[in-house]
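Each of the next two complexes has chain A plus one more chain, namely chain B in the first and chain C in the second.
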Partner chain A sequence: MINSRGKWSSPIALILLLLLLVALPAYGPSEYTVILITNILMYVVLTVSWAIFSGPTGYISLAPAAFFGVGVYASAILSSDLPLAMVVPIGGAASFILAYLVGSLTLRLRGMYFTMFTFGLVELVRNSVHWWEVNISGTVGRLIISADNTTVFYAMVATFLAALLASYLIKRSRFGLALRSIGESEEAAAHSGVNVNRVKVVMFAVSAFFMGATGATMSMRWTYIDPTLAFNIQFSFMPVLMAIFGGMGHLYAPITGATIVSLLEEFLTTKFPYYYMFLFGLTMLVVILFMPYGLEGTIEKWRKKIKAGLRSSHETT
Partner chain B sequence: MKLLEVAGLNKHFGGLAACTNVDFHVERGEILGLIGPNGAGKTTIFNLVSGALTPDSGAIAFKGQDIAGLKPHEITRMGIGRTFQSVKIFSKMSVFENVLLGHQFGKGKPSNKKGAKEETEGILEFVELSGMRDARAVDLILANQKRLEVARALATEPDLLLLDEVMAGLNPTEVAQAMELVKRIRERGLTILMIEHVMKAIMSICDRIIVLHHGEKIAEGSPGDVSKNKTVIEVYLGE
Partner chain C sequence: MVVQFLDIAIGGLLTGGIYALIAVGFGLQYGVARVLNIAHGEFIMLGAYCTWTLFTSAGVTPLVSMLLCAPFFFAIGFVIYRIYYTPLRTSSGSATVFEGNSMLASFGLLFVVQNLALIIWGSPVKGYSYLAFPVQLSGAVFSANRIVTLIASVILGSAFYVFLVSTRTGKAIRAAAQDPDAAKLMGVRINRVLALCFGFGAMMAGLGGLLLSMTSIMLSPVMGMQYTLIAIIVVVLGGLGNIKGSFIGGFILGLVGYIVSSSQPGLSMVAYYVIFLILLLVRPTGLLGK
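Presenting the complex of A and B:
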């Protein structure tokens, strides 16, 4: 009984969520809600795609801002000539290529070294773009012909769906299995026939694709961008934080984590603009201390408890 | 027929000679034992044959093809499976998933989902782990973890299986079961090269034995010959 219900609960929840999202611009309370949800979805896609690679392998990447920013710039350059439906995949492809090249060079680094490198990558790309604008193109920053909020919103929903689908398919495939084995022992994985470097590099690039696509979509919502905005390191830290908060095992975990943290951020910045950072940090500290496995860990623990409770009450009667 | 042929193999770690001019071969269908005191270079030879290390010089031919310097996954896909001295199972994955991984990435062509499931379950049955199919690997006792590692290697469909101390740390009953398993693996048509310290096991199941000492081969022959060899008794058995 419990099993058959559990099997259908995720697809039903997903369809309900989609219906709500699709209906939002027409029936939603206000334009503000559409913008707010777009923003939340942006973080959800970043977190879900970050978890595709870093979740199972344990390679903590701080590169999302680099891939996001590349998407933003690709979109800024192309949006005047091409339709949105083409700009978004191109933005993703640009990040895919960058991640593939960077991954080939650096995915032999492990642990802290890999993390520090990815952190440095964001600065490197940001400064390179800045240098280009100062010395070659002559103007820093550029204006964008932006799309209206509803269009951006639907583009973000589509990106979200694509990322979710990719994450689901990878999890179920032999590459999902390979990623998990790499997280536990690269040596044993290699001796079981897994081409460890190739799997790492390709999956790192796949996760970067969706970060770039998100950047390309978000770029349409802004009227002006410059390197500091596009490559803001916040786009690196937030997905990691959200994934830690939500958990990375089930598909729902990074989605829930990203949603709650972005709502919390929105609430704190509007209600406590002066203490926002302090309260945000405090909340994160408490979460990490008391929920080491994130929201997901706590939920799974309760689920087990309830199941055990049901079983024991069943036995006594 | 020679399945594996190693000639003039050398490997140095800084000033330490882990393997000096080692020659040996493995006949198709035999069980060849590799023994020697700690630090004799047994595991180094496994690492060289399986691609974890690249030899400084020397040739390693598998089915007539030179494999020295190939990557581990390439060697696995050519048909050499291995286990590790200290078990390296995927502890957070289930028993089934551990074996499935070997099946999906090994020598055989990845089959469809149903075929993969059946074949993986067949291997679990063969090593007698069917009952623990869904348990997390970390929750198994050592003897079963070692079995699981063997199962994962078998799932890659090897012609040659390298077993690195599969009996170390097991109690006498478990050792007997492990010996039984090794014999059954040979009956499946596999060739086995094994490192082992449990002398009872090595003497009763190996067709031939190679003795290493300080990275050099000091003796080779049937278990009977080797156990009577003077040098061997001096450095290893007696002292």
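Presenting the complex of A and C:
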């Protein structure tokens, strides 16, 4: 009974959440609310898509900012000629291709070497784009023909839905199983017939697709972009922090993590603009020290404790 | 032609010395203390700012402030490891979990240190001039401060090498680098040794920043990240925990940076990265690795 309820509770919660989101603009909320929720959704998509690959495999990628920024630039270049519905998938596809190339070169690196590499990738792409813009395009920044807030909001909801669906389907598919077995032991996975490299590269690229799509969507909200804004390293470690804070086992965990952390960020930036980074860093240090398995881990621990408590009381009676 | 070649070679060597020093510190923190310290560059930035403050407001020359900065930064690193990373290491359980967690924690540290610097010194760039008179080296002209930084880095690097090879603490550090658990069983006070390494790493970052600030670069609170990246690349070039390798790697990177930035200044970071990529793919254990 409990199991069957548990099985349906999260899809139902998700459908309710989506209905709420879709109906939101109809209630005439303030511009601020729409922008805030778009922002939260951006982080949710980045976190969920980061967790698609890095969650089960344990490969910590610090490259989201690179893929996000590629999406931003794809959109900046194309948005004057193409409709939003085409720009977003193209932004995603550009990131997919970059991730596929980078992934096939570097995903045989293990552990921290992969992390170091992805960390540098952001700087590489940012510096390259900067050089290109200065020397070839003859400008540093670009002006964007931006869409209105509600349109961006709906585009973000659509991206969110797509990322969620992808994450859910991948988790249930052979790919998801293969990813988890890679996380457990790469050699064992290879011996049981998993094409380890192909699975890693494809899934890395799929997760990058949604990061690129997010970037393409968000760039419509800005009127001006330059490489420093688009490839801000913050877009790399915020999703990682959010995934760690929330946990990565269940679908709800990264969503919750991203929502709470981005609300915290919003609160800190508005209340303490000068000490925001300091407080944020401190929070990060505390979270990592005291909740190494995230919210989800803490919840699971309590659940197990309660279960064990119930069982022992049954046994004694 | 010969003069031009010498110019490039010496210019590269002069930059490479500092790169090597900060990479030795980074390698110590990652190789022994097992913290991939993304905040390494922030300590470099801090070292540069401390030197600037001491020089411009108290008139302490950079070479004298070395005597102040070295123990100061060592203490910061040591204390941070003791109060934060030691408990984290215990709560993480396995070594791989600790590696992931400590790397993320160092991001938190990066935020905290960078914001502190922003609060204390503000965002406008700062700089000072010290020993900036020209010196002629085999036909090419360099400013004296850059030559001083090379000499200082080599002396510091060699001193640390001697320390590692010939003292008991050095031996304990080398043992901890190979296998922390086995070292502990052999009677090494492991938490103290790891904290020592983190402290030495912070010290080298601080001194690296000090030397860097002497070469008339502009200081800003966000300058640290690029040096973290340089340290990572040099460590991969030279092999983890290899001081000689770090110096060779530092000089190579210095040379490449010097050559590329003399024609395309915006691309030096890209060039470093291409070297990094090639090396990771061909020899992930470093140039001198087995």
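Rule of thumb we're sticking to: the second predicted complex is superposed on the first by the 304 of 317 C-alpha atoms of A that agree within 3 Å, B and C clash if a C-alpha of one lies under 4 Å from a C-alpha of the other, contacts with A are read in each partner's own complex, and residues count from 1 in each chain.
In this text, contacts are C-beta pairs under 8 Å (C-beta built on N, C-alpha and C of every residue); 3 or more make two chains touch, one makes a residue touch a chain.
Since the model is a prediction, treat every value here as computed from it, not as a measurement.
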Simultaneous placement of chain C and chain B on chain A, clash or fit: fit
Which superposed partner A:11 touches (first chain B, second chain C, both, neither): neither
Which of chain B and chain C A:185 touches, first, second, both or neither: first
From chain A, separation angle of chain B and chain C (C-alpha centres, steps of 10 degrees): 80
Between chain B and chain C, more extensive residue contact with chain A: C
Chain B versus chain C as contact partner of A:60, first or second or both or neither: second
First (chain B), second (chain C), both or neither touched by A:29: neither
Partner chain in contact with A:138 - chain B first, chain C second, else both or neither: neither
Partner chain in contact with A:177 - chain B first, chain C second, else both or neither: first
Partner chain in contact with A:193 - chain B first, chain C second, else both or neither: first
Gap in Å between nearest CA atoms once chain C and chain B share a frame through chain A: 11
Chain A positions touched by chain B in one structure and by chain C in the second: none
Residues on chain B engaged by chain A in the complex (per definition of touch): 50, 52, 71-73, 76-77, 81-82, 84, 88-93, 97, 100-102, 104-107, 110, 152-153, 155-156
Chain C - residues contacting chain A, complex: 30, 36, 38, 84, 87-88, 91-92, 96-97, 99-101, 103-105, 107-112, 114-116, 118-119, 225-226, 229, 232-233, 236, 264, 266-267, 269-270, 273, 276-277, 280-281, 284
Chain C-facing residues of chain A, complex: 58, 60, 105-106, 109, 111-113, 115-117, 119-120, 123-124, 127-128, 130-131, 134-135, 233, 237, 240-241, 244, 274-278, 280-285, 288-289, 292
Contact set on chain A toward chain B in their complex: 174, 177-178, 180-181, 184-185, 187-196
